[in-house]
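Below is one structure, written out as structure tokens; comments come after it.
First chain written, first letter: the chains are A, B, C, D, E and F, and each begins at residue 1.
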Amino acid sequence: MSKLTPGSAIEGIYLLSSKETRQTKAGKPFFKLKLGDRTGTVDCTVWETATMDSQIKVGDLVCITARVTEYQGKPQLDASKISPAAPGSAKPRDFLPCTYRDTEELKGFLRFHIESVRDPDHAALLQAIFGDPGFYEIFTMAPAAKLYHHAYLGGLMEHTVAVADLCDFIGQQYGRVDRDLLMTAALLHDVGKTRELAFETTIDFTDTGRLLGHVIQGVTLVSEKAKDLPSFPEAKLQQLLHCIVSHHGELEWGSPKRPKTIEALILHHVDNLDAKVKGFLEIVEGSRDAPWTDLRNLFRRPLHVPRAAHQEEDFLPPSEG
Amino acid sequence: MSKLTPGSAIEGIYLLSSKETRQTKAGKPFFKLKLGDRTGTVDCTVWETATMDSQIKVGDLVCITARVTEYQGKPQLDASKISPAAPGSAKPRDFLPCTYRDTEELKGFLRFHIESVRDPDHAALLQAIFGDPGFYEIFTMAPAAKLYHHAYLGGLMEHTVAVADLCDFIGQQYGRVDRDLLMTAALLHDVGKTRELAFETTIDFTDTGRLLGHVIQGVTLVSEKAKDLPSFPEAKLQQLLHCIVSHHGELEWGSPKRPKTIEALILHHVDNLDAKVKGFLEIVEGSRDAPWTDLRNLFRRPLHVPRAAHQEEDFLPPSEG
Amino acid sequence: MSKLTPGSAIEGIYLLSSKETRQTKAGKPFFKLKLGDRTGTVDCTVWETATMDSQIKVGDLVCITARVTEYQGKPQLDASKISPAAPGSAKPRDFLPCTYRDTEELKGFLRFHIESVRDPDHAALLQAIFGDPGFYEIFTMAPAAKLYHHAYLGGLMEHTVAVADLCDFIGQQYGRVDRDLLMTAALLHDVGKTRELAFETTIDFTDTGRLLGHVIQGVTLVSEKAKDLPSFPEAKLQQLLHCIVSHHGELEWGSPKRPKTIEALILHHVDNLDAKVKGFLEIVEGSRDAPWTDLRNLFRRPLHVPRAAHQEEDFLPPSEG
Amino acid sequence: MSKLTPGSAIEGIYLLSSKETRQTKAGKPFFKLKLGDRTGTVDCTVWETATMDSQIKVGDLVCITARVTEYQGKPQLDASKISPAAPGSAKPRDFLPCTYRDTEELKGFLRFHIESVRDPDHAALLQAIFGDPGFYEIFTMAPAAKLYHHAYLGGLMEHTVAVADLCDFIGQQYGRVDRDLLMTAALLHDVGKTRELAFETTIDFTDTGRLLGHVIQGVTLVSEKAKDLPSFPEAKLQQLLHCIVSHHGELEWGSPKRPKTIEALILHHVDNLDAKVKGFLEIVEGSRDAPWTDLRNLFRRPLHVPRAAHQEEDFLPPSEG
Amino acid sequence: MSKLTPGSAIEGIYLLSSKETRQTKAGKPFFKLKLGDRTGTVDCTVWETATMDSQIKVGDLVCITARVTEYQGKPQLDASKISPAAPGSAKPRDFLPCTYRDTEELKGFLRFHIESVRDPDHAALLQAIFGDPGFYEIFTMAPAAKLYHHAYLGGLMEHTVAVADLCDFIGQQYGRVDRDLLMTAALLHDVGKTRELAFETTIDFTDTGRLLGHVIQGVTLVSEKAKDLPSFPEAKLQQLLHCIVSHHGELEWGSPKRPKTIEALILHHVDNLDAKVKGFLEIVEGSRDAPWTDLRNLFRRPLHVPRAAHQEEDFLPPSEG
Amino acid sequence: MSKLTPGSAIEGIYLLSSKETRQTKAGKPFFKLKLGDRTGTVDCTVWETATMDSQIKVGDLVCITARVTEYQGKPQLDASKISPAAPGSAKPRDFLPCTYRDTEELKGFLRFHIESVRDPDHAALLQAIFGDPGFYEIFTMAPAAKLYHHAYLGGLMEHTVAVADLCDFIGQQYGRVDRDLLMTAALLHDVGKTRELAFETTIDFTDTGRLLGHVIQGVTLVSEKAKDLPSFPEAKLQQLLHCIVSHHGELEWGSPKRPKTIEALILHHVDNLDAKVKGFLEIVEGSRDAPWTDLRNLFRRPLHVPRAAHQEEDFLPPSEG
């Protein structure tokens, strides 16, 4: 989407993320669509409604033939033909935004942190969870949020690795920290998000995500897996669950208990730090040409865009998405 | 304790709930104790420390011989002999305060509500939980809180029955309510308290109660029991867990999700109503002779004592405790 | 309004609730109207401004001739003639939304609760207030709110009866409650709304409603009526006024005093419960076809729509409004 | 009380504000009293309980013979005889703290502001209220608070005059202000305190003060008086009542409506300013010798004591009270 | 702008404050502009984009030829020619809104307050700051805010004079106030705004205003000037800086310290009072014909428009702006 | 202090931190003292007031001869002689608690971080500040707080080094961070505490600390030093000052601006993390023998004491202080 040149013609497969019927002054209906791939979205007008297959609905993949125009400095499309994409030609999920990090590298970091845990109970639990292929596939593909930070495919793994990196370092800066508990909690603190968020065609909350939320879902997921192990000690499990339960830090941020152990306290601060710092960087990415962002963002204030933002190519998402 | 007459002598078994060593001006040590049975507590002085068995510690049952004196209008004791109660002569728990309601009657109401649930899944789950004798014994004996409302033995059952009574009535006042879900949620909303609170010698939080809390503990207890059933439907379970998760109503009151279903909303309001109204009545019970309580209470304001409070005998705890 | 079939022609009397002048690209003005009856509102375009009587203003009843069209799945009107409705042909109030409950039945319940009060002072006060024909007419017709819950004609009586029903039951569940005080307070707690809200053509706040609000207005109304009685005891009046003053429960919710008596406490919780539960049901009524509402509502979160919502015919407003 | 010299003997009439029975180590009871006049309070010990008339209770005036001793730098009394003061020898109220301002002068200022109101309706209302001798006597004697600011006899009048002084000046600084409405509201904004506070023997809340509060009580007092006038215009009354209702400024500070008129807005800010500035000055008065107060005060922070505080004699309360 | 008559033609110089490119249904682009002078703004359409110099950007002064039309009761422009204003023909700042007060008179009041300070240190500091011609020019021209109150040229001086007027009076109403400190603080409390706000073409925050804010900027400005004086006593400087630092009154309103001295406390209340009262009056100015404003304003509630608002000519901004 | 054995006699120099005069029942005065060295404090009774030099006041060093007794399990002293310590025998500061870390090592880490900054402006500023011997001496000796975390000598340096350590690591985990700005801000963020806190005899706020606070004091300190440099760029200074100004993160935590740059955001989270984690560890240090602390602490909740707390000898403060 970031490559559309006004005046050119395009043909390709996109995800239909919104569709509205409007009407010209003369009473003739037309469609206003939003089409997306993982590099972004574009507005698209279909003046002749007959050229769009009437079965197509939001969330479908569509094959589109269009002319690129421009409106208020942004490209948009005038479509002349819209048909359903051939079955199997692509998966909707491929059209969602994705981490710009190397997924295999992230998986390597994840494995590294898992293998660094020496306590046999914690190690066995991590193996039972991340060793489950179905879970692992979802975990490595899931976003970490619907909005705000890491709201793209791979975001959950990226955030988890970042939290584990920081906990690894910070856990060593202070005395009295149970390193294996801290690392296990870091790796598992957001596993409930694999059940809270759906990301088939768009990122949205599941029913159970709305009803229970990832804190509770993480507790039940980890709890079930621990109960299946021959002998995960009850007290150890409670310490781990406490870290998950309290990782939002305050009741009004969705944790029914505030951190009461040193490991839970560190995890909360690290989780918050990564969410806020990554959220900041994502926001300023969207304002590359101005010195300040506006205030409609997670922080509800204008943020200062780092000066070199438009120069550091390696921070850009890969050009083909 | 409510029967102590200044000037008389007593001999009996009590729970030692506090012990301090003090010193007269002459440097002679003496003990200041607090002794309790379920009707209340009394201060007790032991001037001759040798008359008290040195092995005795807080939480023990003691056999005491004392003279009743008076200080600022309240009775207190001057003990001349304190020894450990004979093993088996009583259980510490018998000395905790207890509901003044008839326990068997409450059990009957509880059974009535359980049996009123017709949906086979919910009925089976209730049977699996309340039919477990170990759980049932604890549930019917547990307090509902350490402080504030229903902070006495039997309080959990009393509160649960009251919530079920009100949900039964209110659920019928409005359309669209799933009555069986509402009643099941009412009966199970606080089952986590059987794991949150210890009440062997005093009412206090367990370690796991401090780390996880009864909301999370209720979720895992109900979740485990439902998983053990052959076929409790997942969506039905989520609806039920949502009621438990959200029954405190607001994030800052310890619910990680706020009520999003009509049953959860009703349950929250009914739970809050019973806690506040019963809390109010317990507070004014403690101020029978004044028109207003002080403001050191759950409501942080002076409460008006209903006028007939000192006359309605049937509201008093039974005289023998 | 719920019966408009695209393609058909209609002629009828409606309430004009909004009027905007717009302009075609060619500079020709046209009108965008909103028309309503108690089943809802519809957009209406008047392309030829000359066909609309220039004296007509918002709040008037109009006689309209129009063709039904459709826009984004919703019907709208293309008016060919708009004239003032003949004087006396209808009252604006008849075009406001109205309770779907049977008004006479509600009046019966109201009378039942009034007559259940045995204390002669309270009974006399209720008679003095509800026995005033002017007040009674307004009370039984008034909405309970401008937005949120019970925001329709008859809503105030419906809410009052619901609060009285619940207080009647709950007051018996607990000891020490002065039943007559509680019922009188339940019946009178919102009488100030008869002065706070105007509902001639739309539901809106009166000047005095904005300046004083229904809590204060209820206090002065009840206070004046009590002073007119030969001998309403001062202390009894203060207890009653306290219930009215504190029924919002918290200072930040508009009560200058929080509940300090058991009756005021129960009334507050019951009032809140009915407002929230009825508000919930009204919101999900508006989202019959989706499993979740959006979050632009009183609760500021998506609400789960009870599954059978589109099937229970008896919950629908009567078809003719 | 500020004149007690250790070592001397005294004999005089004081208000008994607290009485506790204590016990020597030998079991002999003695009394600990607090005695006060308007210059302060002093601790008093009665070693021989027989020397104190057993009928005497808190709130009584007592005639005392005692020796002045010293404890931790403060004087205290050893009483040898305590009997009830002769009936009529004094009024308890004379022993409460009192404004250091000249009461007659304050009454003059009050009259000046009342007479400055030219609008005949407002003038008539002020006359009806302040011209009532019973009300006038209470108003000019009442404190403005139990704690915090102006918590002494005459405080209500002193605060009212100060608010009127400031409103008089500030009302002229801005356009569009209805000066007569502002001055009338300034003079009447706290009249409800004459019903909220009792000050027979100590300053405390009345029952009705606890149940309704001075905002509501002010509304009903002014409302009744206005209704008694032949023709106080309704709209004018609502404007005035709005000022009273909203003078605390925010819902959480006890105003059920926030200021919506320019007069109500000015009144709120002026009332707040006088309460805070006078409260500050009273607090630093109590810390004359230190550069900072502690943080147990209305502001919950240490306050800086103005440097000349211990020198300005004219700020001191008159030596004889 | 307040003089535009539909149907007439105009030609003049205006500030371009907004420019959007839109497109007709036929795909032909046109411009939507906002043009302003200090009496307000007007919408302007440029149907033929070629008639507008392509170099022109937001913030420029433009020379415009247009026809006045009307839309929804408000005048708007159809421009036939837009070119850059001749260099030097005007300054952008002349097109910003401006205080309706007489600027020379305000300067006189400012000088009067400065000269009233007798303490030689404070007097010298005021002289060093206001005697700096560059500072003085900016101070007397600056707005006091971007939004809300005094958001127009001259607003900072107008607000400063108003605060000084009130402090002058109020400082005399209470004992123990250091009058010279209070007046100096009143005059300097907002000097940081000369660095926080830019007002070349529109009123907006500077980079340093966003990063530090006028509280900090005031501290550094006053601090630097005091250090340049031969001998401004350190303790005196801290007292003055404390007033600046704490003048917002509460931490959440942007003051890192709350008022701890009597002067700082008075200054905070006076500053708040003038901001709120002036803000109120500016809001109701914008709603001259309705009895109530809407609730999208600084107070987030509907405000009552004083009745004579449309009659008092002298309150209007001068007709030529 | 941690070495006092009941029954033994001691003689030594201590800091007198509190002194009260009390009275025996017989009217004989005695003194209650608190004495401290950096390992803690002990209560001390002086029965014969004549044995204590009457010139001695709180904050003095005293030479004491006493017998060690025990009260409620804690040692206390019965002093037989108290005289002023010989001048020069010790400094009061030596008796304050002190970091258990090696001060020279901390100085090395501090130097390492300072020397790691390569930007010449930032490097020059750090040199100008830390190269000032007077500042350096205070900075390396100062506590970081009066209460809560790092409230001991050397605490400011210890906290600063910890923040710099974490910023060094975390700054590399994210893109777009200006490393030199972040490290300079980390090193300077709390320099204002050298002016906010006094620690001659006890740790307490200075007058200027109370009036301005370390955020403002840090801004003026850094600002003055930067102005003294030949050419510290203004924009660079604002970025640095913004980090200092916003390092508390939220307005209600005392920062007048919230973080708006990536460096300020990281610094805030790191500062908060070190304060909370170190605060937690200090609290649990004080509860070595219990599994939970009480809830009277910075976190207002019971904290879980890490299990090995009583075994890790190297975490203990050095035995001789």
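One rule holds in what follows: contacts are C-beta pairs under 8 Å (C-beta built on N, C-alpha and C of every residue); 3 or more make two chains touch, one makes a residue touch a chain.
Note that the structure is predicted; figures quoted are calculated from it, not measured.
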item	value
Touching both chain B and chain D (chains)	C, F
Contact distance in steps, from chain C to chain F	2
For chain C and chain D, chains touching each	B, E
Copies chain A and chain C touch via same or different residues, half shared test	different
Gap in Å, rounded to a whole number, between the CA centres of chain F and chain A	42
Shared interface positions of chain A, touching two or more other chains	25, 207, 210-211, 260-261, 302, 304
Chain contact graph, described as a line, ring, star, complete graph or other shape	other
Chains that touch, pairwise	A-B, A-C, A-E, A-F, B-C, B-D, B-F, C-D, C-E, D-E, D-F, E-F
For the chain C and chain E complex, residues of the former touching the latter	20-23, 25, 27, 207, 210-211
Residues of chain A that touch chain B when the two form their complex	207-208, 210-213, 215-216, 219-220, 223-224, 227, 235, 238-239, 241-242, 245, 251-257, 260-261
Chain F partner contacts - residues on chain A that touch it in the complex	162, 165-166, 169-170, 173-178, 258, 260-262, 265-266, 269-270, 272-273, 276-278, 280-281, 284, 299, 301-304, 306, 308-309, 312, 314-315
Interface residues, chain C side, partner chain A - complex	24-25, 69, 71-73, 291-292, 302, 304
